[in-house]
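The structures considered in this document are given below.
Next come two complexes built around subunit A: one with subunit B, the other with subunit C.
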Partner chain A sequence: MTRWKEFDVKRGSSGPLLQVQGLEVEFRTGGRVVHAVNGIDIDVRRGETVAVLGESGSGKSITFEAILGTLDSPPGHVTGGRAEFEGQNLFDLSPRRRRAICGDRIGMIFQDPLSALNPVYTVGWQMAEMYRVHRHLGRAEARRQSMDMLARVGIPDVQRRIDNYPHEFSGGMRQRLVIAMALAVDPALVIADEPTTALDVTVEAQILALLRDLQRERGMGLILITHSMAVAAEIADRICVMYAGQVVERGDVRTLFGSPAHPYTAGLLHSLPGVAAARHRRLTPIPGQPPDLAHIPPGCPFHPRCPRAEARCRAEPPALRPVGDGQREAACHFAEELLAAAPTAQQDEGHAR
Partner chain B sequence: MLAEFLFRRVFYSCIALLGLVVAVFLLARLTGDPSVLYLPDTATAVMREQFREAHGYNDPIVVQLGRYVWNALHLDFGMSLRQNVPAMDAVLQAFPWTLRLAGVTVLLAMIVAMTIGPLAAYRPGSIFDRIASVLSLAAASTPDFWLAILGILVFAVHLGVLPTSGTGGFAYWILPIGVLMFKITGTTTQVVRGSMISSLASPYVKAARAKGMPENRIIFLHALRNSVISAVTVAGDQTRGLINGAVIVESVFGWPGVGKLMIDAITQRDFAVVQAAVLVTAACIFLLNIILDLIYAALDPRIDLH
Partner chain C sequence: MTPEHLRPDSDVVLRVQDLQKHFPLRRAGRHGPGLSIKAVDGVTFDVRRGETIGVVGESGCGKSTLGRAVMRLVEPTGGRIELMGKDITALSRREMRPMRRHVQMVFQDPLSSLNPRMTARQIVEEPLHIFRWGDRASIEKRSAMLFDHVGLPRASLSKHAHEFSGGQRQRIAIARALALNPSVVVCDEAVSALDVSIQAQVLNLLQDLQKELNLAYIFITHDLSVVEYISHRIAVMYLGRIVELADTRALFDQPMHPYTQALMSSAPSRDPRVLGAEREVLAGEVPSPISPPSGCRFRTRCTKAHDRCAVTSPAFRSVGSGHMAACHLNEAGDAPIPDEVV
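Entry: the complex of A and B
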C-alpha cells in the first residue's frame, strides 16, 4: 500500500520559509478553556514537503488556521508564539496585511472541496477573483489565466467547464479546482488540510501525484496536514507528529518511520495495516482515547495510553529534544531506549521486501 | 427548457384560475340577495322580482355560472351594479395603484433588510446586532392598522406635515408606504440576518478568507448571495399579501387600490366586481409565483426548473 519515498530530499538552501515557534491556541467557551495547541514549533523550507500527522483533535488543523488568521475568534485565541513567514511575524501584522498575504503568498487547500467552494458562483468566477483581487487583473485577462491554471491541474474541456458550478463536478475534479485556486497566484507556501480525506483511494493517488508535481515544478513549500501515515509517507520529506496540541516527534520521513523514537509514533505505525503486515506483526491499535483538551494529563500527555509509562512520565513533561544521530527530535523520556530496542531502519526495510 | 417551463406553468395557472372563478362565483351567491341591498326599503315585491329577472338572478345557478364563464371567455366580465361601468374596467383602474404601492414598498424593504441584516449578522451579539434585532422584531410584530392611525395622528394631525389620505403628489405616498414597510422590513431583516449568520459560518466563507478576499467582498458577494434566496422567499410571500390588496392600509388611507375596491364591492354585493377583482389578483399572483421561480433558478444554480 505504501511506497516508501526514495531518499532524494532536495532541501531548500535558504532559511525556513515559515517558522512557527511556541504557538499556543486556546478556545474559551463559557468558563471552559480548551488548550488546542500547546507550544508548537514547525518550520518549512522552500521546495520541501512537511507532513503534519495526528489524530482528530490533535490540533493540527487549528495550528494552521491560527497562522492563516481564519480561526473562529471568539472562541479561538492565539495566546503565545510566533509565526515568521518570509521574515515577518504574521501575528504582528494588521488583519488587513495578513489577509493580503493569505491567498497571495500562502495558499490553502481544504479537506472537503464541495463545501469550500461557493455553491452559487461558477468556478471561473471563483478562480478569476484570485487574479482580480491579488493581481488586479481585468476580467478578460483573469479569465485567461484561470483557464491556464485549470488546465494545468487537469480539468478537461476547460473552455466549457469554466462556466460550470461546483456541484456539476465530481469529488476529485472539485479538489483539483480547490488546488487550482490555492496555487493560482503562485504562492511560496501551500497548506493542504487533509486534501484527500474526502476522496476515494484511486482519486487520492492522482491528487497526491498532482500536488507533488506542482510542488516540484514551482519549488514551493508544502505543508500536508493528514491523519494518514500512508499519505504522509507518500509525499513528505519530513514529518511532524502531533499529539494533544504538541509536537511529539519530528524528523526525516524515512528515519522516523523506520525507527520511531516516540511510543506514539510507534503506536501509529503498528496500527497501520500495511506496515504491520509487512513486519509480520499483529495489527495493534493504540489503547484509549486522545485526551480531553480541557484537561490535558500532567507530565507527558501521552502517558495514560503509553505502554512504557513510568512514574516520571506522570510528573515531568518531556521536552522535544534531538535524539539518535541528531537528525530527528522526540519528546519522550525513553527515546534512546526505544531507538536501541528497535531494529534499525535498514534491517526493517529488508524485512519488508 | 425555459419555454417548456413557462408553458407548463401558464397552463396549470389557467386551470387553477378557472376553478377559482367558479368557486368565487358560487361563494359570492352565498352572501344573499342583491336586490335587498340595491333597491330602497320601500321597493315592492314586484320591483324586486323585476330587478332579479333583469339581472338574471332567477335563472338556475348553473345557468348563471355557464353564462358568466362564457362571457368571461369573451372578455366580458359583467357590469358593476354600483358604478355602472364594466366590472373589469373598475378593477383595472384600481389595480395599478395597488401594484405601485406594493412594488415600491417591497423594493425599499428589501434594500433596508439587505443592508441591516448582513451587518447585524457580521458580529452576532454586538450592540448593532442587538439594536437591529429588537427593532426588526418590533417592526415585524406591529399591527399595521394601529401604525396607520398613529401615523395619521402624529404626522397629519399634530405635525401637519403629511396629508391624512387620498392620492396626489409624493407626500401622499409616504405614510402608506412607511406603514406597509414596517412589517416587511422587520420580517425580511430577521430572515436575512439568520441566514447570513449561517452563511458567514460556512466553510466556503472560511475558504474565501483563506483565499485572501477582502471582508466586504466576503460579506456582500460570497455570503449574501447565498442568503438572498431566503430573503426573496420572504419578500415574495409579503408581496403576495400586498397584491391581494393591503386592505386595511388602503382603507385607512383612502388609497384607490384593489383591496379597498374589493372590500367595497363585497359589502355592496357587487358580484361582477368581486369576481373580476379576484380573477385579476389571482392571475397576478400566479404570474408572481412564476417570476419568483425564475429568480430562484437565477440565484441558485442548483435549482432545476423541472
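Entry: the complex of A and C
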C-alpha cells in the first residue's frame, strides 16, 4: 500500500483529481430523447469531499455512471464533455484501460450492498479478489490483507466472519464490507452513490463516521452522491446542487446552506420538516413537479416552479457564475437579489442542533 | 393539564392494550423449544380524534407490524384492540367488515399498492362500491370531491397509476383511504419514498385534511424530522415494545429513555445550516427479535445499563404529565438524566 501512497505523493499535483467539464448524457428510446445530463462541470481535489445533491431524476447518478463507463448503452450515450482523471480524459480511453483505472484508482460504493456482492462466494473470497486482480497477490497474502482491511472497517470477529456469505451479514456490516472492497487497493478517488440511504439512522451515523475517518486517514478524494441535505452537510467540504441534469449551485457547504443563492436550494431547505418543526412553522414546499427530461423547459429549467421567475427566466438560460464573495457559483439571473433578501442562518437563529 | 388517565375517553377512537404479534418460526418438539419472532410484544396506547400519533423506530422494531395488527391485517396473538369503543380483537371476518371503514391505510410505495390496471377513478371508487355508498351519481360526485380534496386535477380521473408521478400517486392512495370517511388513517412510511420537495407537499396535504376532517393518524416512520413535524404525540419503539411515549415537544426537549436519547443524537442534524455537529454514534446493532435480551431489551447497547437492567424488565410508567417511559433510571431513587438537546 505504501508503494501507491508514494506514487500519489510523487505525482503531487495540486490541480483537481477529477475534473468533469460540459458532460452531456442522453437516453434515446423509441424516438424519444431524454436529456439526463446537460453540461455538467464538477471537480474534486485530493483529500476533499464533494457532495452531489439532487432529487430523483436530477442526473446525479447518471453523471457518475457515464464517467465510470457503467452507463447502459444503448440507450444511454455520452454526447459531449470530458472527464479528466489524473491528467487523462476517461472518455478517450479504451474500455479495457478505463476498467483498469476504475476499481484500482477509483473505488465505488453503491446504495445496495447486497447487489454489489456475489451471493455464492464467501466474503473473504470476494475481498481477496481485489488484491489478486489489482495487486497480483498470492492467495495467502491476499487473505491476510483482506483480514486487515475488514478489521479496519469495523467488522467484528474477522477470523470467523471472513468465511461467511454476504447474506449472513447485516445491512450495516454489508456496507462496511463494500467500503472495505472499494478502499482495498487504496484508490485516489472514491465515488459513493447513496451509501447510507438504505440504513437506519444509528447505522448511518456509524458508516458516515467510518467514511470520514478513512477519507482523512488516506487523503483520498470522495464524491458522495446523495439526496439528503443532512448527510451532505455532515460530511462534505463542498456541495454541488443538481436540477434537471444541470448544476444549479455549487460551493462551500457553509456558504451554500447558510445563504443559498439559487431559489431551488432555498426551496429544498424550506421543504425540510426538521427545520419547520423546530421553528413551529408550516412547510413551504416547492410547488409543482420536477420537469420531464424529454421536454426540459426553455430558459432556466427551474422557472415553472420558481417563485421569482420573470420573462427573462423563460427565455434565457442562466449560466453558472460566481456570486457574492466568490465562495460559490449559482445559475440564476437573480442570485444577487436572492442573497441580499434572504436572512442568513445566524439571523434566522435555529434551535436545531 | 389533566393527567392522561383522567382525560375523558369519549375522544378515544382507537385503544390498544398489551398488543402482541408473534410470528411462529418453529413449534416446540424434538428440535427443542418453540421459536417465534416477537415483532410486537406488549404495546399499549390510545389514539384520540383528530390527533397524530407518530410511531418511530429502526427497521425491525415492529412499527409496521403494529400498524397492520391494529387494522387486523395480521392477526394479533395477544392483547386487545378497541375501535370506536368496540372490541374488535376477536371479530370474525364478516363482523370485522363494517368496522373496516373506520380505519384505513396509506402505504409507502403507492405504485405497488395501486392496481396498475385500474384508473385513478376506479381505485378511489372501489371502496365506495364495496360499502354501497349510494347510486352511481353520488359515487361519482364523491370521487370528484375526493380528487379536489387531495389536489389532483379532475381531468386525470381516467389515467392509470403509472401515468402519475410519485407524489401524485400518493395523493391517489390518500384519496382512496379517505373515501369512506374513516376516523383513523394508518400511514406506514407514507412520505418516505418521496423527494423532499414533494414530501413537503404531501405532509402539508395530510395536515390540511386532518384539520378539515378531524382525522386521527397513526404515522409510522423511521424519519425523526418527519415525525417531529407531523405528530402531536410520539411513541418510540425498540424490539417490539414502546420504550417512550410523550408529547412531541416534551419528547424532543427532554427525552427520558436512553434509546430515545441515542436515536436523537445519532440522527443527522435537522437543519443542514447548523454545521459541525458531529453525531454521537450508538454502537452495535439491534439484537434479534427471536430471542430478545433479558430484562430491558435495550441494555445490550445502553451506556447507562447496570446489573438490574439484565434481570427485570422496566415498567412502562409515567415520568411526567402524559410522558411515559420504560427505564429503570427513571424510577424513584434515581434522578432522571435527560441529555440536553440544544
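By definition in this document, the second predicted complex is superposed on the first by the 325 of 353 C-alpha atoms of A that agree within 3 Å, B and C clash if a C-alpha of one lies under 4 Å from a C-alpha of the other, contacts with A are read in each partner's own complex, and residues count from 1 in each chain.
Keep in mind that, in the parts below, contacts are C-beta pairs under 8 Å (C-beta built on N, C-alpha and C of every residue); 3 or more make two chains touch, one makes a residue touch a chain.
These numbers come from a predicted model, not from an experiment.
Participant: What is the contact status of A:341 with respect to subunit B (first) and subunit C (second): first, second, both, or neither?
Facilitator: Neither partner.
Participant: For A:294, is the partner it touches subunit B (first), subunit C (second), both, or none of the two (neither)?
Facilitator: neither
Participant: For A:269, using the defined touch cut-off, is the partner it touches subunit B, subunit C, both, or neither? Pick first, second, both or neither.
Facilitator: second
Participant: Tell me which partner A:116 touches in the superposition: subunit B (first), subunit C (second), both or neither.
Facilitator: In the superposition, A:116 touches subunit B alone.
Participant: Is A:319 contacted by the first partner subunit B, the second partner subunit C, both or neither?
Facilitator: Touch partners of A:319: none, neither subunit B nor subunit C.
Participant: I'd like to know which partner A:129 touches here: subunit B for first, subunit C for second, both or neither.
Facilitator: first
Participant: As a test of reading the superposition: which chain, subunit B or subunit C, is in touch with more residues of subunit A?
Facilitator: C
Participant: So in the complex, which bits of subunit A are touching subunit C?
Facilitator: Subunit A residues touching subunit C: 55-56, 170-173, 200-206, 208-209, 227-234, 253-254, 257-258, 267-278, 282-287, 289-290, 345, 348, 350-353.
Participant: So in the complex, which bits of subunit A are touching subunit B?
Facilitator: The contact residues of subunit A facing subunit B are 68-70, 72, 99-104, 108, 110, 112, 115-122, 129-130, 133-134, 165, 167, 178, 181-182.
Participant: Flag every residue of subunit C that touches subunit A in the complex, lowest number first.
Facilitator: Residues 58-59, 165-168, 195-201, 203-204, 207, 222-226, 228-230, 248, 262-263, 266-275, 277, 279-283, 285-286, 341-342 of subunit C touch subunit A in their complex.
Participant: Which bits of subunit B are touching subunit A when the two form their complex?
Facilitator: 201-204, 206-215, 217, 222, 225-226, 299-302
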